[in-house]
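Chains here go by letter, A, B, C, D and E, matching the order in which they are written, and residues are numbered from 1 within each.
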Amino acid sequence: MNEQATIKRKASDYKSEVKPVWCPGCGDYHVLLALTRMLAASGTPPEDVAVISGIGCSSRIPAYTNCYGFHGVHGRALALGTGLKIARPDLTVLVMSGDGDGFSIGGNHFLHACRRNVDLTYVVMDNQVYGMTKGQPSPTTDPEWDSALAPGGTGIRPFHPLVIALASGANFVARAFSGQPNETARILHEAVMHPGFSFVQVLSPCVTFRPEQAEWKSQVHPAPVEPTDDPARAARRIMTDDGFNIGILYRGDRPVLTARATRDPAPVETLERSFAT
Amino acid sequence: MGRQDDPAAFAATRGRDEDSVSLAILGSGGAGALTTGGLLLEAAARRGLYGMMTRSVGPQIRGGEAAAFLRLATRPVECMADRFDAVVAIDWRRADRFADEIALDAGSLLIGDPGKPGEGTRAGTEAPPPPALTRSGAAVVNVALSDLAATVPGGRENMVALGLAAGLIGLTAEELDGLIERRIGPKGADAVAASRAACALGLDEAGKLPRRFPLPLPADPRGQRWRITGNEATGLGAVEGGVRFAAAYPITPATEVLEWLAPALRKVGGVLVQAEDELASINMIIGASFGGVPAITATSGPGLALMIESLGLAVASEVPIVVVDVMRGGPSTGIPTKSEQSDLNIATLGCHGDAPHLVLAPLSVGDCRFTAGWAVHLAETLQCPAVLLSDQFLGQSSAVIAPPDPAVFATQRKTLPRTIEGYRRYELTQDCISPMALPGTAGGQYTADGLTHAESGLPSSKAGDHRNQLDKRQRKLLEAEYGSLWAEVEGEGDTVLLCWGSLTGAAREAAARLAAAGRPVRLVALRLIAPLKAEALAEVIGDRRVLVVEQTHSGQFLNYLRSAGLLAGAPRSLRRPGPLPIRPGEIEAAVMEWSQS
Amino acid sequence: MTETVEDRTDIAADIESVPELLAHALRIEEDAEERYLSLAEQMETHHNHEIARLFRWFAGHEAEHAQEIRERMACMPLPDIKPWDYKWQGAESPEAVDYAEVRYTISVREALELALAAEKRAFDFFGRIAAVAKDPEMRRWAAEFAEEEAEHVRLVEKEIARLGPEAPAPVEDPDPPNEPL
Amino acid sequence: MGRQDDPAAFAATRGRDEDSVSLAILGSGGAGALTTGGLLLEAAARRGLYGMMTRSVGPQIRGGEAAAFLRLATRPVECMADRFDAVVAIDWRRADRFADEIALDAGSLLIGDPGKPGEGTRAGTEAPPPPALTRSGAAVVNVALSDLAATVPGGRENMVALGLAAGLIGLTAEELDGLIERRIGPKGADAVAASRAACALGLDEAGKLPRRFPLPLPADPRGQRWRITGNEATGLGAVEGGVRFAAAYPITPATEVLEWLAPALRKVGGVLVQAEDELASINMIIGASFGGVPAITATSGPGLALMIESLGLAVASEVPIVVVDVMRGGPSTGIPTKSEQSDLNIATLGCHGDAPHLVLAPLSVGDCRFTAGWAVHLAETLQCPAVLLSDQFLGQSSAVIAPPDPAVFATQRKTLPRTIEGYRRYELTQDCISPMALPGTAGGQYTADGLTHAESGLPSSKAGDHRNQLDKRQRKLLEAEYGSLWAEVEGEGDTVLLCWGSLTGAAREAAARLAAAGRPVRLVALRLIAPLKAEALAEVIGDRRVLVVEQTHSGQFLNYLRSAGLLAGAPRSLRRPGPLPIRPGEIEAAVMEWSQS
Amino acid sequence: MNEQATIKRKASDYKSEVKPVWCPGCGDYHVLLALTRMLAASGTPPEDVAVISGIGCSSRIPAYTNCYGFHGVHGRALALGTGLKIARPDLTVLVMSGDGDGFSIGGNHFLHACRRNVDLTYVVMDNQVYGMTKGQPSPTTDPEWDSALAPGGTGIRPFHPLVIALASGANFVARAFSGQPNETARILHEAVMHPGFSFVQVLSPCVTFRPEQAEWKSQVHPAPVEPTDDPARAARRIMTDDGFNIGILYRGDRPVLTARATRDPAPVETLERSFAT
C-alpha cells in the first residue's frame, strides 16, 4: 500500500479537521506538530499509519491526526498496538500515551513490549502528572509535589522510563522535549526508522497543573555524547543524568519479533488430519 | 447429604444403559491409568464405536492419583452415564478420592489388585477397594495385576489392566495388538512384545470375570471416527471460521485451545502471540482485528474477569473479536480442573455500562467446532465481540465421534471497499452495521473510540449521539439473522427441558429415555445465549411447563431467562454447582417426579 | 556478612570447640531425620509407598541418633548457631539427602544410593575434623561420630548388595503431565 | 427525537415549582460561571435555604465553556427541577452546547450580555442567545454585563452576574456583602470593594427585569446547613463507619472521594495509598482488611471492571472491603462527566462463578453519608465485599442540606478473640459468619484462599466443601438483618414508583406532586440492591402496578428485578440512558399517562 | 506482639501440617526449608508473620507455613502484601511468588513496589516456566526453549528481574539458589532485616517441565564481589553476569515508605466542620 510514497506531502496532510481541546500552552500541541512533520517527511501515506493511544489528555492525539487511530482504554495502548503491528506488519504503528497511561496502569505492557521487540514506536508524552483527571501525581512526579491526593507529596521515588526501557530490552531509546518540535520530529523519525521497539520519552509540559514546567525550556540540553549500542553504558549514563538530556541515547540491534508467517500456508483442511483415528 | 451428592444412593435408582458401557480406570502416582484409558478409547474408536473419556486427577502436578472415566457406546454419546459398570483399579490407594465421581450399584464390578488396597482399609478384614466404593454393593473381583505383570519380563500392570478392561467390553486380542503396535512400536520390539504379553494376561483374566459388558458392533462400523477434545474442536472451528491471529495467556482448562492454535495458525499462515496477561491478550486481539485480521483468545473465569473492561471497548468501538471462556468452578480461583456453568453472569452482564454483545455456547464436544466457527462469523458480520462459553467438561473431554459439522458461512466483514467522501465509521445504517474501514484504505481514516461518539467516531457527550449508538449496537444484535441455529429444539411433550451448553448431552439423553418411557418432553438447548431470542424461545416453550437445568449454585440461567420476562409460570430449577456433573438420570428423575406430583 | 558458601567450602576445620562440634553433630542428625521424613511424605503424596517406607525407616535411625547425642550432652550448653553459620562443606548439612536428587518414580536402589552418599558425606565431615582438630577431646568425639557414620555406610552398602547386581530399569512415568487425551 | 430529548417541548408541558427557583449560569473560557454559581449557592445556604448545584463543562480541561445549574428552595431538594426559571449568561458563546440540559418555557428568562452572542447567531437579525434556547419562547433580556463591569475599577462580569442572579431570587445586598467579605477578603480590601460594587450593579439590574422569582425564608431559617457533595459525604460516611485505609487510582467522577479521604484519613490516624492501577488498589484494600483494618477504594465503571476478578477473591476469601463505584455514562470510556445507572449489571452480576456480595446505593447526596457508613458496617459484619453504587449526579452535585444522618452501628467484625484448638477459618456456623483470626493472634494462623476450600481454608475440590461454602456465603447475606433500611417506602396508591439510587430524588418529587394532584402513588426506592430483599419487596408492592424508573438504556434494573421472579404482571419501564437526567415531571407524566390509558 | 520473641523456635514450628503437593525434586521444597529456617533464626512468632502469594506451584507456599497466609489471585500478591504491610506495620510481610505470577501478569506491581519502598520482602521462585499450567514459557524463559505454546521458542529476550528491580528502585537486591537452603535462608534473613523493599530472586528448578535445570547446581557460584550501594554499578554488574551469581548484590538506603500515621489522631467528628456553611 505504499505505492504513493513518492507523493510529496505536507505536515497538514496528516492533521485532521478536529480541533484539539488541549489547554492553550500545553506541550502536546508541539508533539502533534512534530508528529505530523515527521510523517510528512517520511512520506508514508496517512492511511498506512496507525496511531494508537490510551486515555489521558495526551492520548487524545489520534483523532487530531489524519491517520487511522485507536483511542483505547486506559493503559492498554501498547498491547493493542502490538496486536495490530503483528497482524499488519505493513503498517507504521505509533503508540502514543501519557506518563500515567504508560507508566502507571500500563507499566506491565511497557516492560513486555520492550522485551518483545516488535517493530513499533512508543511515544510517551510525559508531563509528570495526570492531566486529564486534574492533577494527581504520576509515576514520574517528583516525590515532594503537593497535591490533593498526596498532600505534602508522595514521598515515592520517580519512575525512570528510559532506564526501565533499557533494562527491559527496548531497541531504541530517546528523550525529546516538546518545545523543540523539529528536533522531536527528527527523533521520532529515527525511532520509526529503527527496526524493533523504539521508545521516545517526550517531555511535554502541562501548563495547567504543573505551570512550573515552563522552566523546562531552559533546562533541557542536547545529550553531550553520541548514542551508544551498549545498554549497560546507556543505562549508567541515563541513571546519572539530570533528566534533561535530549537526544537519541541508545540504539540496539536485537532481532525484531515478527509473525514468522509461513510463506506458503497450508489449506485449513489439513488441520483435520490429526483427529482421524 | 442429598441424593445428588451420594452417587451410590443415586446409581441404585438407575438402570444400566444397554447401548454403552462405562468404566473407570484408577491408579495412583504413575500407575498409568490415564494412558490405559486413552488406549482403550482409541481401540474402541478403531472398531467404529463411539465414546468419551474424562479424567480426574489429584492436586499434584504429576504422580498424583488419577482416574480415567470412559463411556464407550454403539451410538454417539455426549455425556457420561449415570453409573459405572466397572472400576478397574491398577491400585486402590487413593480410590476414595474419586468415590464422589463414581456412581456404582450392585450390578457393578470393582476389579483391582488386592495387593494394593485403599489407604486406611484394614488388610484381611476388608475388601481392598475403599468402603466408599464397596458400600454400593458392587461385586469385588481381585486380580493380582502386579503379580501377573511380574511374570512377563518388562511387563507392566497398566498393560494387564488394559487387557482386562478390553476383555470386559469385548475387544479382541487382534484389536489390541494393532493398537500396541502403533503406540508402543517406537519404543522397540521388546517393549511391544512385553506389552502384548501383559495385555494378553489381562484378556485372559477378563474371561474369568463374573460378568462382562461386551459391546456389539455399532450401526455404522465403517464410519469415520475422530478423536477430539472440545478445546481442539474450538481451535479448529475458529481457524475454519477465519481466525488468523490469537493472543494467549495460559489458564486451566483453556490452555489446550491456545496450545492447539499455536502450531495450527502457523501452518495456515496465521500467528499466535503469548501475552503478558489477559489485559494484554484481549487488547492484542482488538488491535489485530482493527487491522482486519479475525482474532481470538481463550481463557477461563479469572482471565475473563480481567478482560471485561476491554470487552466493553470492543463493544463500543465495534471491533469483532472472539473470547473463548472455558468455564471452571468459581468464584475466584475456585476449582480450576472441574466444570461449572457459572460464568454465565459475567459473560452476559459483566460489562459496565450497557454493552450488548454476543454470547454463544457449544452444545457438545463436536459442536465446539461449529459454534466456534459460528461465533467468528457472527462477530465478524456484526462487528461485535463474541464470548464463547465452553467449559472444562467440553473442553477437556476426549470424544470419539463422527467428524463434527464445520460452520460454513460466507463470512464477510462489512468493510469500506474504497474511498468515499465524508466517511463516517459509526454511521447509522439500515441494518445497523456501519462499514468499517481497514487501515491501509485511503480516505477511510478514522479513530476508533471507547468514548461515546458521534457517527464520525469523534467523542460526543450529546444525548442523541449516545442514544443513537446504543440503539444501533443493541439493534444490530437483535435484528440479525440467526436462523434456527440459536437453539436445538427437539421433541414434543408437555414439559420443556431447558438447558444450554455442555448440559445438553445429559438433557438429550434424559429426553430420549423419557420418550422411550412414554413420557416425552421437548428439549430446548440454547446455543445463542445473548442476544436472547426471547420471542422465539417463548414460542417453542408455548404453554408447556419448564424445567431449567444448569450447573450453577444460584440459578444463573434461570435468572437470566426470567430477566427477559420469560418463564412467568413457576418453572422448576434443577441445578447444582460443580464439580459433579448433572447426570441424565437426575434430569429424567426430576421430570418423572414432577409428573407424579 | 558477605561471605558466601564457596568461601566456606573448607571450614569444617574451623570448628573450635567440643560444644560447637556437638551442636553440629546434633544438627546433622536432626536435619537428616527431618529430611527423610519430608521425603517420605513426598513419596506418600505421590504414591511411591515402598520408598516412603524406606525413608521413614532412615528417619527413625537418624532420630535415634539425634536422641543419643541429646542425652549425652544434656548438661552441656550448646552454642546457638544460625542455619547459615554452620561450618558445613557444602550447601547443606552433610547427611541430608538433597531434595533435588529425588523423583517420585525413584527406585529402591536409587534411594539407597542417595542415603549412602549422605552417610558418606557425614563420615567425611567428622573424619576430617577428627584428622585436623587441635583439641584432642574434639578429635575423640569426631572420631566416634565418624565411626558411627561408617557403621551406617556399611549398613546401607549391605542393603544395596542385597538388591543383587543387575540395575533395575529406570521407572518411567506412564502418566506424564500433558498426556494427550 | 422524542419528547424526552427535547427539553423545550418537555418544559412547556410542566408548570413552575413554587418552592424553588432554578437558574443556569453560563459562560465560556474563564468567564467564572462556576464560581458565580458556587457563591450564589453559598449565599442561599447562609440564608437557611436549601439547594443543589450541578455543573456541566466542555471537553476542555480548563477554559472551556461551563454551566452552573442551580436549584434553590425553601424546602429540601434532591433533584434538579423540570425547567429553568432563568439563564444568566456571562456570555452566550457556546450556550448551544448546553441547550439539551436547559429546559425552558415561555415563563423563563434568558438574561445575558448582548455583546457576546452565541456562536453562529447573526448579529442584528437574531437575539444573542442561540436559537436552541430562544425557540422555547423564553423572554430575552439584554444586560450589558461587560459594559457594567467596566464602570467599576477592577470590576468583573461574573460579579455583576452574581448580583443579577442574587437579585433575581431575592437575595439582599447585605447578604451578598457578607459573602464577598468572606470569600474575597483574603485578596485585599480593593478587591472586596470592586466585587461589591460590581455586584451592586448587578443587583440594580435585577430590579429592572420583567420578572423575578424571589424565594421566601425557609420554614426553618435557623437550621444548620451543610454544603456537601455526594463524593465528600461518601468519604465522611466511610470514615465514620470505621474505614482507616484507602487505596486510590484516580478516575472521573470518583476522584473527589479519594481526594477527600487523603487528608481526612491522615487526620484520624488512617492512611490513603495511591496505587499503580485498579488491580492494585483493590488488592491493597483486601490486604489491609485481611490485617483487620476496614478499607475502601473508589472508582468508576472502567476501574470497577478491572477490579472484578479480585472482587471475587474478596467474596471467596471472605474479606470485607468497600468499593465505591461513582457511575458515569457507559459502556467503555463512555461519558466520564455524566451520570448513568448502567453499572448495575456489573456490580451485581459481574463476577465469574457464583459470587454473592453486597451492593448498596445511596438515595441522595446526603444519604451518601449514611449508606457509605452502612456499607462499611455490613461488609465488616458479613465479611463480604460491598459495592456502593453512587453516580456522577450524586457524587459531584453540591447540595445545601440539613446535616445528613450518619450511620451509627456497633460495627464489630466477628474475630477470633484468642487461641482456640483446631481453629477453622471458614467454619460452618449457625449465622454463617465464620470467626476471622487477625494476623498477630497466636493460634489463629490460617491461609486465606480464593481456591474452593474446606472449612480449614485448605484447598478442596470436594463437591461437599464447594457447596457448603457457596451455601454459607449466600446464606449469610440472605439471612442478615437489614431492618427497614433496605428501601425507602413512602406513600400509598395503586401504583408503585420503583427506583434506586440517585433517581430517588426525582421520583420522590414526582410522588409528592402526584399526591398533591390527587393521584397518590407509593414510592419504593432501593438502598440495598444485593442481596435483593425479594419477599419484602413483593410485599410492599402487593398487587399494585409498577413503574420502574432508571437511567439505563437496556433496563438493567427492570431486568434485575424480573430475574428474581418479581414484577410478573406487566410492569412499565421509564428509562433513558445518560447524559440527561430523568426529571420529576417525566415521572409524573408517565404515571398520569398510565392512569389515563 | 513480639513479647515471645525470646522463645527459641525451630524451623518445624513454622511448618504447617499440610503436605506439599509439589513434585518431588522441585526446588520449592528447598525454598520452604530456607524460609522456615530463616524465620526460626529470626525468632519472630509465626503469628506475626504473613506470607502472601499469587497463583502457581510456587504460590502454594503460604499454606505450608504456620504463619498467616494469603493465597490470592494470579499476579496480585505484591499489591495485597503492600496493603497489609501499610495497614499493619507491626507484621513481618513476605510476598512469595513465581516468575509467571511475579514477572508476567504481576510485572506492573513489581515495578511500583520497588519504587514505593514499603518495608517488605519479595521472593520470586524462578523456574523459568509456568509450572502450574504445565509448561509454558515465562518471561525469564530462554528464547529458544521449545514448548507447545511456542513451538521452536518464543524468540523473545528474557526478562531480567534483578536489573528491573534495581532500575525501579528496590532497596535490596539478591539472588539465591534453592539448592543452597542455608545460604538462601541467610539471604532471606538479610532481606527481611533490611529496611524497605527487598527483592530476592530464588532460582528454584522445575524438575517436571525443565529437567535440564538440574544443571543449575553446578552452574551457580557466589557473587565474586561485595554488594554495592550504587544502583548503577550494581545494574552494570548484573547486566553482564551469567545469571548464576548468588548473593546479595545491592543494598540501598532509600527512605522507607511508611503510613505517616498521625501520632494523635483527631476524633472523627472534627471532619464534619468543613461542611458547615
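Note that in this section a contact is a pair of C-beta atoms (placed from the backbone, for glycine too) under 8 Å apart; a residue touches a chain by one contact, two chains touch by 3 or more.
This structure is a prediction, so every number in the text was calculated from the model and none was measured.
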| item | value |
| --- | --- |
| Joint neighbours of chain B and chain A, given as chain labels | D, E |
| Farthest chain relative to chain B (centres taken as mean CA coordinates) | C |
| Chain separated most widely from chain D, comparing mean CA positions | C |
| Dominant interface by contact count, named by its two chains | B-D |
| Euclidean distance of C-alpha centroids - chain A vs chain C, Å | 57 |
| Length of the line joining the C-alpha centres of chain D and chain E, rounded to whole Å | 43 |
| Approximate Å spacing (C-alpha centroids) for the pair chain C, chain D | 69 |
| Of all residues in chain A, the ones touching two or more other chains | 71, 73, 75, 104-105, 107-108, 111-112, 139, 260 |
| Multi-partner residues of chain C (at least 2 other chains) | 45-46, 104, 177 |
| Sequence positions of chain D contacting 2 or more other chains | 59, 266, 276-277, 279, 302, 309, 313, 317, 332-333, 449-451, 459 |
| Interchain pairs in contact, sorted by label | A-B, A-D, A-E, B-C, B-D, B-E, C-E, D-E |
| Partner chain D, residues of chain B touching it in the complex | 1, 5, 59, 100, 279, 301-302, 304-306, 308-309, 312-313, 315-317, 327, 329-338, 340, 342-343, 345-346, 348-356, 449-452, 459, 461-464, 466-467, 470-471, 474, 552-554, 556, 559-560, 562-565, 568, 576-580 |
| Complex contacts: residues of chain C adjacent to chain E | 1-2, 4-7, 34, 38-39, 41-46, 80, 82-84, 86, 88, 91-92, 98-104, 106, 177-178 |
| Chain C-facing residues of chain E, complex | 8, 11-12, 19-27, 29-30, 33, 37-38, 40-41, 134-135, 148, 178-183, 185-186, 189-190, 205, 207-209, 214, 217, 221-223, 226-227, 246-248 |
| Complex contact set, residues of chain C against chain B | 45-49, 104-105, 169, 171, 173-177, 179-181 |
| Sites on chain B touched by chain A in the complex | 42, 45-46, 224-228, 232, 236, 239-240, 244-245, 247, 264, 266-271, 273, 275-277, 279-281, 283-293, 295, 309-310, 312-313, 317, 400, 403, 437, 439-451, 457-459 |
